[in-house]
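My questions will all concern the structure given below.
As written, the chains take the letters A, B, C and D, and residue 1 is the first residue of each chain.
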Amino acid sequence: MVARDPRWALMAEYDSAEALVAAAQAARDAGYRQAEAYAPYAIDGLAEALGARRSRIPAFTLVGGIVGGLVGYFLQWYAAVVSYPEEIGARPLHSWPMFVPVTFEMTILLAAFTAFFAALLGNGLPRLAHPVFDAPDFDLATRNRFFLCLLTDDPAFDEPEAVALLDSTAPIRRDEVAR
Amino acid sequence: MPSPRTTDGEVLRPGWGYASVTAKIAGLVLSRPVRWPWLAAFLATLAMTLVYLGAMTWLFIKGVGIWGINIPVGWGFAIANFVWWVGIGHAGTFISAVLLLLRQKWRTSINRFAEAMTLFAAGMAGLFPILHLGRPWFAYWLAPYPDHMNLWPQWRSPLVWDVFAIATYLIVSALFWYLGMLPDLATMRDRARTRGKQVAYGLLALGWRGEARHWARHETAYLLLAGLATPLVVSVHSVVAMDFAVGNTPGFHSTIFPPYFVAGALFSGFAMVLTIAIPLRRAFQLQDFITEVHLDHAAKVLLATGWIVAYGYLVENFMAFFSGDRFEIAMTVDRWTGFYAPVYWAMLACNVLLPQVLWWRAARRNTLLLFVLSIFINLGMWMERFMIVAQSTSHDFMPSSWGLFIPTRWDWIFLAGSIGMFAWLFLVFIWLLPAISISEMRELVKEERDEPRPPARGSSHRSVQHGGSDGRA
Amino acid sequence: MSAVFSPRAVLVVRLAVLAVLGLAVATVMLFVWRARAYEQLGEPIAQPIPFSHKHHVGDDGIDCRFCHTTVETQAHAGLPSTAICLGCHSQLFRDQALLAQLHQSAATGQPVAWQRVHVLPDFVYFNHSVHVAKGVACVECHGRVDQMPLEWRAWPLQMQWCLDCHRNPTTHLRPASQEFAMDAPLPDPVEAGALARAAHLESRRRMTDCSTCHR
Amino acid sequence: MTQPPIPEAGARLERVIEVQRGAGVNRRQVLAAMAASMALANTACSPPPRLQAHPYVNLPEGGAGGQPMYYASAFVRDGFAHGVLVGSQEGRPIKIEGNPAHPSSLGATDIYAQASVLQLWDPDRSSVVRQRLAREGDARVAPQIASSTWSAFEAAWLECADALADPHGSATLRILTGPMTSPTERALLQTLLARGPRARWHVHAPLSDAAAADGAWMAFGRHVAQVAHFDRAQCVLALAADPFSDGPGAVRHAMDWSSARTAVRDGIAGARAPVLFAAEATPGLFGARADHRVALSPARIEGLLWRVAAHWMPELTPADVGLADPAAAAFESRLLAALREAGSSALVIGGAGLSAEAHALVLALNQRLGAIGRTLTLIEPPDAAPGAGTLADLVDALKAGTVDTLLVLGANPAYDAPAVFDMPHALQRAKLLVHAGLHVDETARLADWHLPLSHAYEQWGDARAHDGTATLLQPAITPLYDTRSAAELLALLAADPLRDGHALVQRQWRTGREADFEAFWRKSLRAGVVADSAAPPLEVQTARLPARLALPAESPSATLTALFVPDAATHGGAFANNGWLQELPRPFTKITWDNAALVSPATASRLGMSTGDVVRLQAGMRTLDVPVFVQAQQADDLLTLPLGGGRRHAGRVGDRVGFDASVLRPASAMTLAVTLQKTGRRHEFAVTQHEIDQHARELLRTVSVGTALAPEPKRDQLYPPFASPVHAWAMAIDLDACIGCNACTIACQAENNIPVVGKSQVAKGRAMHWIRVDRHDLEEIDNSGFQPVPCMHCEQAPCELVCPVGATVHDSEGLNVQVYNRCVGTRFCSNNCPYKVRRFNFLQYSDETTETLKAQRNPDVTVRERGVMEKCTYCVQRVARARQHAEREGRPLVDGDVVTACQSACPTRAIHFGDLNDTGSDVVHARTSPRHYAMLAELDTKPRTTYLARIKPDA
């Protein structure tokens, strides 16, 4: 096999969201599949421009919620009817109307957990160390600057073309990101 | 420097850029502009917190008998405080979640500290049910777990519902809060200049780097949490209301309670938001972010919820007589004329009478007046909780067992202590974390810019006079 | 700028997190272990006089009721009084140093301070006589004392354990003739059923009422 | 009834305390563990404390315990015997039951008999002989007290005994005792008196009304004791008297009255019950139950008496009769009719506050009515003290300095003698003062020698009942301390060859029975009474009519009449150190830990006073500051002063509780004219019931005789009910029988280890009584009604629903059980209890340090710790005991096997308890009555505790 490129990516820096979105679009049109874009806030359409698929988080959350509800109700039914049945104020052992609140809370709780961790894991976080952190100016990615990275591992990556592509998007600067 | 073109719609004064917004809010934490007022408040509230912890220790040693509670009034201040704090703990999530779903721009600059307030208030609330137990060291018996006694919680008790509701609410609010703060923590990491802060914020930021797909998932999850938190907000205080509504005591046993408690919760919650926001924006020069518009909107919510609460009072009294239940009637008459009547009328004054000034725009934009009013509403809402808890039980079915609850000094210490600890936690929060969501403010900046006026150039030019250069500083 | 966390730092963080998790697990394990220790199963307990059930019951074959006189009539089985011990030991081994405390007790009127082996909390009201009357043999709760040189606790004596039997007692009953025997086998299901009917056992609900054991 | 206890009882107690101490350690360590668990949230992580087990050295008869043993004995109050069964567990007397065979009890008890067991275990009881050293100078001011021994005292006594016995000497001996009915003690006392030619006996009965005795003397020229038979009476008139609470026959009176009413209660057509007329000055239990009641000052009551008597005594002149009293006109006419109709079945009783003449007239009236021999038996007073002097005589002798040796036996004159005698100083005039008693009380502190006496349950002895029936006292436990019984002490003083109580009593009763003594002895011990020992009726001549006193002029508005009565709980101070009684709500005022001057609302408003005002009373030179309590049912211009407060040396409980009314009390009379002025100070009462009006909530219902209550509407049920397949326990309380005597409350407290919480806690609203007795003003009958309220054991219990940990649940027999060890103390159950019968341990209430108090506790009932809810359990431990007993015998439970503590104590049998599944049971019968109802039935809690409405007197 060929030795891997010592660089992780080529990176271009922009000062406006519009520029970044345009560049991302261009990269995608040029066939790049592993381009990454960084912005200080959520930019509508940027992820789509990079070709992100529709998120599956909502589906996970729904499942989590259903599981939570079932677990919650089963817990109450099992404790009150099976494990240690006791006469409480002459109410039936299985007094379902009174099991509703806890069931509801458990539904919300597990759904919330799923949504939260699905987002985190989906983003591969926590990941404290990443090549881009060593890139010049990257601390501005959380302030007011916008970045586009073309990854060297991308099968479509070809040095001269990539350089040309990035320059064509009029970045305020371009750097190489080491692995 | 109020801009000449300030209009109703403005939730961010013009002239702010990404960098300046970032610098301003991050600066509040990193280069703490206001030292002395903060330090004074911090020390004062810290002292109150220590007193509070001391009082708790004494309570655990001696027992709840140090309070004024008795038979028939088994619940006194502790539960009144609990309900009051839970109520206050509602505004935050309501603002963040509901207003987010409703796409209310004005939530942006107040949601972060409102959520923090929610967490701390709910925390204060969560303490009281444990403190008020006769044997607090067995509080964990309210949680279901397999034990060698083969015993479980009694699921029909609203107190168990409480445990689940409050716990869920605390956890979900915390997740929501943290998820929203993640990008800002990254900002802090990158703005921090000392190694220690970089590491601390770096760890908390979990390596957030603002990648486009991350933002997308982040937004989805954030919206989902908002969607889940919205019914949660309604459920939590409904469950708390059921602590009373499920009981049979005249004054407890009322179907209006859940909606009326939720409304009351928002009422007191927004009052507390104002109580906090007004000094905050003044102390930290945030008038540009928290504008009169925010206050105005909050005031309108106050007015609306205030009327729902008033309706609640009306229905309570009406139903007492309409039902023809002699016990309800006697209890209601006692409310009007009995030992606790002064509290009742003062409560009505605070919660129904005073808020009516908010019909006037001038009043809604007068920060001092709003501040005072918000405090009165907090007071009034506390008195409402107290009336429900103490007066109802003091005057129930058996005249031969009627008795009064007279608070001891310990009752007052626990009320004051919880307020002090709440304030202390909040001060710690604005000391260590960005009190306003930076990333969302950037979006706001973007949206402001995309609007035809003011022209983009102008903005960057104006931004210079803010000292917040958009170039590499 | 340079990254906040070098790969090395990340490793450190990872290890730290692992350590914390490991510690948490260890603590839980510790608590569980101590909880088990609470039951003190099979731990022989030193006594002022090293009394051996193995010798008295196993070797000599003395009936339980000979010493525990009130087991059939009262809540307490009856810890044998000094006089009962002396009933034999005024003759047997009377000069043994081991028994000095016994004679001293008889002389001074001060009881022998035995260490308790089977302890129930103050709020549990166990009644030996009823269990005996219903056909619950000694071994069911005290185990094979005839094999215990020093008495130890054979069963946890915790609520869950009591409940297990109270929920289906039938399988724990023996005929009156074998209640005080140590090695009598449990009767077959048919006979057990007959015993249960004869004993007029109360309903399962009654047997698990709180008021059955707590007052 | 079992054999007398065996000698090891003492050792047994030692052991008990040992074990208790062990348990104490245990509890403390558990608490520590719990404290740790606050941090660790895991109690299991501290290994269990290693406990010790102490066997008997010799196993007592009756086994190791677990089964209670009952010793027939008697509790002696004011010299009279109240037959009881002393219930012992593990050798410790822990609970008193009435003795069904005893004429004063018939199985029931009053509050004092119930509380007597706490008196036995009172940690402040005197335990050692005390001697005052260095008598010269004014040593008494700064006395040096040294604990001494009986032998030392005996030696000291022998010295002066010879001097006393010397026929030519001058040394004098005076003996002061309370009323004394014990044959043994009286015999020994006579021998002692006989030994000293200059010895004299004085009797001091602080609460007895001299006027009554003088009245009898006036009428018949001799002393008589009156034995009333309510069961034979058709009409009873009580004049300033409360036969349901005063005197040794009170319980019997209530019992007879109640049983005479059963036919009417059961609605049997044409049944007649005794009609009660009460003319009373201050509210009493009899008045509250009377069919016709009027509140008058004692003087006006006398007027009434003369007017009524005149109808049977033509020889009385109009001057004697006086003018009609408008206040009593209606009452009077009704009364006359009733008396005429009743004839010889009428019964008239006079009480404290009447003059001797009035008492004489009462006897005469009874005689003219023909009541004597039918509803009223006159007997030789069991406590007659022929030749004995009064306290006044003794004081004169003391002041004259003619008393060398004064022996005070079982009396406390330094506290309870009227202040006019200036007893503390008078006593110091005696050259040698010897005091013997249960406590180191006010008198003991002045004495040169204090000798500790044994409690009734620690000694062999005997005493007579109100009708003269003798009871043998047998010890249920050997003395806790080095004490002697009164008989043993007298034997010592009289240099009797016998010193042991057992021998002394046997000698006393052997005379005349040598033949079959052993059989007699066993029989009497087991029965608790000596058969056929009741006093024979006296034959009296026709009563001489007294001369009418000049009617006292209507007192000027500034002066009021003060009436001295024994406190309704501390009984003149004798029980002041008894926490149960101090904390017992007084029947009418519901005051605890206090006594108060009662005034009528009219008088209060006239003088501008309200409850809690402290006023200064003045009579002659003496003044006393007392807090006022405004009480309806009180006669106008009358001030009731309860005796028994303000003890100076009662003990840790009784010291300085309330005021000491004897400061104002005159030498003999029970009334006194006083002037009153306000001090402007206020006093806080600890009251357990603030609201007397029941706000038309029909909690306490009344019906006219023969009519039925409207049946409760049938309510639809959302859920099918839970069945109680085997037993279904229930209680029915007959409000027509209840006289509000509080015996149930104390019985429950004794049975269920209910802690005493103290005045400040009661004032906060934290009294712990499991069964409280509510009093309501009933407009419809213009009188007070009493309603005992235990847990209702609702079938649809609101408390259970809201408990988050299932600490209060229903058991299969329908008991609403409270599982203390599961309770975390949210108090939601109490908030949700419509009847407010739940009680909470807001602080650590139960005493875990005082050994003797721990020894009193019922081992079958958990001692509740701080933070736990508790309430009436229907005496679940008694249910369990009965069940286990039946199961050992292989038989089913039958009606009457289970008797709750309140039920067994009740003097009127108002409480019915039993199994609803047993169709023949007493409680089922009660629930079929047309008077049957459930309190707050509209809440549909389906209470198992229900009530039978009180029957209105027919107008």
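Quick note on the criterion: contacts are C-beta pairs under 8 Å (C-beta built on N, C-alpha and C of every residue); 3 or more make two chains touch, one makes a residue touch a chain.
Because the structure is predicted, anything quoted here is derived from the model rather than measured.
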Key: Pair joined by more contacting C-beta pairs (A-D or A-C)   = A-D
Request  = Just give me the whole-number Å value for how far the CA centre of chain A lies from that of chain D.
outcome  = 81
Task = Take the average of all CA coordinates in chain A, do the same for chain C, and state the distance between these two points in whole angstrom.
result = 58
Rounded Å distance, chain A centre to chain B centre (Cα mean) = 30
Task = Mind checking the centre-to-centre distance between chain B and chain C? Centres are C-alpha means, answer in whole Å.
result = 54
Remark   = Where chain A touches two or more other chains at once, the residues are 84, 86, 88-89, 91, 95, 128-130, 133, 137-139
Message = Which positions in chain B are in touch with at least two other chains?
response = 150-154, 156, 158, 160, 189-190, 202-203, 207
Remark   = Residues of chain C that touch at least two other chains are 1, 4-5, 13, 35, 163, 205, 210
Inquiry  = Edges wherever two chains touch, nodes for the chains themselves; is that graph a line, a ring, a star, complete, or other here?
reply    = complete
Note = Listed in rising order, the residues of chain B that touch chain D in the complex are 60, 62-66, 68-75, 129, 132-142, 151-154, 156-160, 163, 243, 246-249, 252, 326, 330, 393, 396-404
Task = Spell out the part of chain B that touches chain A in their complex, as residue ranges.
result = 17-19, 22, 144, 150-156, 158, 160-161, 164-165, 167-168, 171-172, 175-176, 179, 183, 186-187, 189-191, 202-203, 206-221, 224-225, 228-229, 231-232, 235, 239, 242, 439-440, 442-443, 446, 470, 472
Note = Within the complex, chain C is touched by chain A residues 84-86, 128-130, 133-134, 136-139
Message = Could you list, by residue number, the parts of chain D that touch chain A in their complex?
response = 719-722, 795-801, 806, 809-812, 942
Note = Note: in the complex, chain C contacts chain B through residues 1, 4-5, 13, 35, 156, 158-161, 163
